[in-house]
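You will see chain A twice below: alongside chain B first, and alongside chain C after that.
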Partner chain A sequence: MSGLSMSSILRRSLIHRRTRSFSALIALTVSAAVATALLTLYADLDSKLHREFRSFGANVVVTAPDQAHGLPPDTLKKIGLVTSPDARIAEFGYAVATTDRGTPVVVAGTDFGAIRELNSWWQVDTWPSSTQTDVALLGQRAAQFVTNEHSVQLDFAGHPLTLRGVGKLRTGGDEDSRIYLPLAAFSAWTGTQASVIEIQIPGGASEVEASITRLREALPGMKVEPVRQLVEGESRIVDKTHALMYGAVLLIALTVAVSVLATLSASVLERRRDFALMKALGGTQSSLMAMFLFEALILALGGVVAGYVLGSAAAWTIGKINFHTASWPRIGVLPLVLLLNLVIATLAALLPVRVLRSLEPAALLKGE
Partner chain B sequence: MFFRLLMESFRRQRRRKLLAGLAILLGTTAVTAMLALATTIGDRIHQELAVYGANIVVYPAADQLEVKVGGVDVKPVSGGALLHESDLAKLRGIFWANNITGVSPELPIRVVGKTASGMSVDAAATGLWFDHFLGKADALKTGTAAMHPWWKIQGSWPKEEATTDTGSEAVAGTVLASHLHLTPGTVIQTNAGGNTASRSLRITGIVSAGDDTDNQLLLPLNAAQQIAGTPDAVRRVEVSARTKPEDTFARKDPDTLSPAQREIWYCRPYANSIAYQIREAIPGARAEQVRRVEQSEGTVLKRISGLMWLISAAALLAAGFAVSAAMATAILERQGEIGLMRSLGASKTTVALLFYTEAGLLAVFAGGLGYLAGSGLAGWLGARIFASEGPASAGSLLIPVLFPVVVTLALLVALAGSTPAIRRALTTDPSAILRAGA
Partner chain C sequence: MENLVDQGTRPDCAVIALIGVTREYAGHGGVVRALDQASFSIVAGEWVAITGPSGSGKSTLVNLIGCLDRPTQGELVIDGVSTSSMSPAELDRFRADKIGFIFQQFHLIPYLSALENVMLAQYFHSMTDAKEARSSLERVGLGHRAEHLPSELSGGEQQRVCIARALINNPPILLADEPTGNLDAANQKIVADLLRGLHATGHTIVMVTHDPEMAALAQRRIALSHGKVFCHPVNGPVVSLER
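== the complex of A and B ==
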């Protein structure tokens, strides 16, 4: 092997056997792309799922100890200080009024803008604008107990109030039997403040727990309770989906790895004749193996570069299609992908070594 | 001769066949497992989402307004319309009866009486099913405990069989229990009302629910009906049903649709159509989907199953690639053989047929094995991840429909993967191949 340098053999081998080098490169690209895409999605999965769970609405409820007095006016500000900025917060004041038909009905004062964001499951035909003060949202059952849905006459302890009903609300829950109006108008009318604040804290059970602890410290005397089934259910489902995804990632990575391994080692075996020739010309076993190994590693590196780009694009597309938010490429998955590809390439080069070692150059070259 | 070539090829070239076969086997295993998981994920996630409670609620159409704030009845409705408990068995006869996984009727009452130690009791109470069998044959075992898995009980749930003419069992909410010093074994003696006799309630457990239920007594429905003096009465029913996530079509009002469209709407398991069928089945009832649960469940379910399908597609792509690459390698290795056959007078068709048959046999055999392995793997994974109710789910992932799908896919991919290699081998001049190989 003295006349030929290792690099020139390598170069020629890669260039002259273009088809074979190319198919090995494609195999390694696919394995890197699949690994990149799955790992990127996997790393993003929890935050994506938690985002979906926000549609269930509030997971923490702050209640005044005394319904009649309501919460201190600065409560909302205090909550804003201890919760993360993307927490959704809505305050409610409740009172029982009478409709013009004499039926008692729960009236609730709230901020329509906040509630619309918090309770995305509410089916409302027209949302009242948050600037008007004399508007009302009627629960579908409550609407049956007022004479005129567009001019709602209510009475609270002798104080009459007329509201413009702008929309109807359907939820299938207690809200159906209520009438919602802006909090400012509610307070002016009934003389009571907001008594309940509902908060949607993004994240899993541990984030919610931490927020509850902070809220309890910031709001002494108030009742701060998690909505138990939401918090428990969310972490259970996220954990299970996480585990499922983990299984899927391992399974697919294994499939691709073994198939690539099969393809690559076949292509090494295919070159028994080259191997025999080089051996006959004086190449040592180890220098020959080193050459095969180098070749495979170069291809593996090329595969990682192309596969990382392709896989990141695939993860971005899947995130966009399924979750409507993109999964941005993560540089953190690169070492893992690189490791995977290098291991595959090394194994592919080394596995056939036993077969190659037992070869008799003379016999092979003669064509047996 | 053709048959012998085929036989010998499988007998003598075991390594090559093994390699291609292994690629097909692993590919079909991954695809089968992912598809099996993706098709069953809906049911599994529905089971998990059951913790959010019922997604359909049924109440009397002629009901008064509920005056409830934070789960507390500010002005409890007295009188009011009621449903009949005996009508609930009709839920087992509606079109989507098998999708109903839980039914929990409620009858709110007031319990006024004394404990054995002389403390007076005046508490809200709810009559519920705990372990009730709904329907006659293949009855649905259902009850409130199963539908509220986040309720934690210390002690045991009351049994409706224990209800007699003079007494029954009950459980108390934690807050109420600590107020009245109730422990399992305590007996509450209710006051005799206008047309009801005094009855004893034996506490069997303390329940913690994290909401207003903690201030209540829970007792079997038949006991509550006796205390209130309203046999067969139910105030409200919660129904948990497996549904299809809502789309635009689901939001249509069935009465405005054409008969054919209405039929389609009716026969899809939307929460709206199940609610519609419940209204039809139970006279005087109104059924509504609980939008907080139903809408959000729909989104979560759609995202998770969407993710599974996309990953299955990725698995399919990767497996398809792996198989075709392995097939191509297996054929390219045998160029010499092809050259020899051609120079001995075999037509291109015969050679192509031989290789295609080999690929096909391999695909069917390895694909079948992969189907079995994948089903087993999916069952194992599913049971490990969603290990909850019983070991029955372990073997249940053998989905027969997938068998032809997976084997056909394996066959198509193997044949398609072999084609370029076979074509290339056939277009090359045999003498060139043989000389290069020598």
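== the complex of A and C ==
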């Protein structure tokens, strides 16, 4: 034994009061973990929600001014040039045909590969291949209008067509009453081109509005309209979720902070006699505060390390379960988590010391 | 003020002098006067016992003489320096230099060895020196127990560690608060002998005690009652200095 230093006193103190130290460490770990998880999810919220909204289908519709002539052939290419590469685009041509039972039915020509991506929320038992030309996807209600679902007999203006019914579609909307077939077969059969292009533009309301402006400039004469309900609804939901998440972060952080404050303060207050003794031995207010503060900060740092790992794991799991994509650890949240824990630890160490300062050391040392 | 100073001591050679010292605390029911116009002095090398019932103001007096607190009114002079006007930081430094505390409940840090507990007083005073701390333990007959934790020591041994800790910085005043209150008869005798030895070597001892036998060891008794001070020689009549 050559000397006694603050670090050796603190180390022995932490080990000696291991139960109390451990509970303080747990409290600080929980606070750091909760803050890490919430901040990580908060930071990922936009992209996760927009990804979720993509499954609701198109948010912009481009329509030909003249349905009979359809869209110009280079429309799809022009749209591709002014929208982001991850925009989802599908063409549609519509006509009214008659089934073999004599029932009128809306037939839609499209690219099955494209609508499968665009409308991932559609419930389809079997998707037709996009390379086959004589296949059909029957809406649940439309399937009742044909005699044989596997051999669909249709007539358009005296032109008969037989398609292989491959799968059935259920959306709860107008799509249930339609029969979808490949666009090439549709055009060859009806003599009309695609007249509608549905686009799913990724991002929030502002990105969608910006894309619409570019589309209107690139496609003069075309009707370019947002699916207003979806865009506004998305914007509203994102804003509300942001506010909710922000409130939750604050509320949980505050609750955890109060709990940690109580645990750490109890730890300091239960050593009031140590405080009084050190004071009697000549310890200055600042040196004693430094000692208690340093101990709390060591626990806070330990809590941040463990809490960041646990919080990131929690965010990853929550993201995976709720959004089907994991939220990866964000190093950017670490300074905030560190700051939060250091502030809590500092308050928890200094507030009780201020209380202790007002007590009589002699009375404390006598156990009064 | 002359007439308020205890007979038999001279303020000019006092190591501790209280002149009209009052300490008041703000309580829920108004101001509480814990010590009321206390005036007495203690000369260097004197052994004084402070006695009185609970609530008489003994802890307040220990706080003041131990430089853990400052008077609300009056002047407290220790080793020629008035503590009344010192800043808290100056008072901390002054306490580390001038006062060695001996407690009834020993107050050893449980996770530090006997040697480290002695060194703790050095740590808050200046620099730690294991050799000096060991010789302080040897002085109280505990050199062979230096590496033991308090839990491995008897009550008497713990009190001797506490005395070694009080002596380590060579303070001119030893302030003992019920030093034998937690000890059996055998250990009480050991501690009493140690205090007697320290007094014989010139230490000033201020001892708070309930124990008449311990009080009888002192040269003079200062009695407290309801915050007021009465002083008298051990075997002499009680003389109120308040009137």
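By definition in this document, the second predicted complex is superposed on the first by the 319 of 368 C-alpha atoms of A that agree within 3 Å, B and C clash if a C-alpha of one lies under 4 Å from a C-alpha of the other, contacts with A are read in each partner's own complex, and residues count from 1 in each chain.
Note that a contact is a pair of C-beta atoms (placed from the backbone, for glycine too) under 8 Å apart; a residue touches a chain by one contact, two chains touch by 3 or more.
Predicted model only: the values in this text are computed from it and were never measured.
> A:69 in the overlay: touching chain B, chain C, both, or neither? Say first, second, both or neither.
A:69: touches no partner chain.
> Look at A:172 in the shared chain and tell me whether it touches chain B only, chain C only, both, or neither; answer first, second, both or neither.
Touch partner of A:172: chain B, not chain C.
> Regarding the shared-chain residue A:285, is it in contact with chain B (first), chain C (second), both, or neither?
After superposing on A, A:285 lies in contact with chain C but is clear of chain B.
> For A:223, using the defined touch cut-off, is the partner it touches chain B, chain C, both, or neither? Pick first, second, both or neither.
So A:223 meets neither chain B nor chain C here.
> Check whether chain B or chain C contacts more residues of chain A in the superposed model.
It is B that touches the greater number of chain A residues.
> Which of the two partners, first being chain B and second being chain C, lies in contact with A:56: first, second, both, or neither?
The first partner, chain B, only.
> Mind working out whether A:101 is in touch with chain B, chain C, both or neither, as first, second, both or neither?
After superposition on chain A, A:101 lies in contact with neither partner.
> Could you give the residue numbers on chain A that contact chain B in one complex and chain C in the other?
367
> Which of the residues in chain B come into contact with chain A in the complex?
16, 19-20, 22-23, 26-27, 29-30, 33-34, 37, 41, 45, 48-49, 51-53, 56-57, 63-71, 74-75, 148-150, 209-211, 288-292, 294-296, 299-300, 303-304, 306-308, 310-311, 314-315, 318-319, 321-323, 325-326, 328-330, 332-333, 377, 381, 384-386, 438
> Write out the stretch or stretches of chain C touching chain A in their complex.
59-60, 62-63, 66, 68-69, 88-89, 92-93, 95-97, 99, 101, 103-105, 107, 109-113, 115-116, 119-125, 127-130, 147, 165, 169, 177-178
> Provide the residue numbers of chain A that touch chain C in the complex, in ascending order.
Spelled out, the residues of chain A in touch with chain C are 1-4, 9, 12-13, 15-16, 273-274, 276-287, 360-363, 365-368.
> Name, in rising order, each residue of chain A that touches chain B in their complex.
23, 26-27, 30, 34, 37-38, 41, 45, 48-49, 52-53, 55-57, 63, 67, 94, 96, 103-106, 119-123, 141-142, 145, 170-174, 176-177, 196, 225-230, 232-233, 236-237, 240-241, 243-245, 247-248, 251-252, 254-256, 258-260, 262-263, 266-267, 270, 314, 318, 321-323, 367
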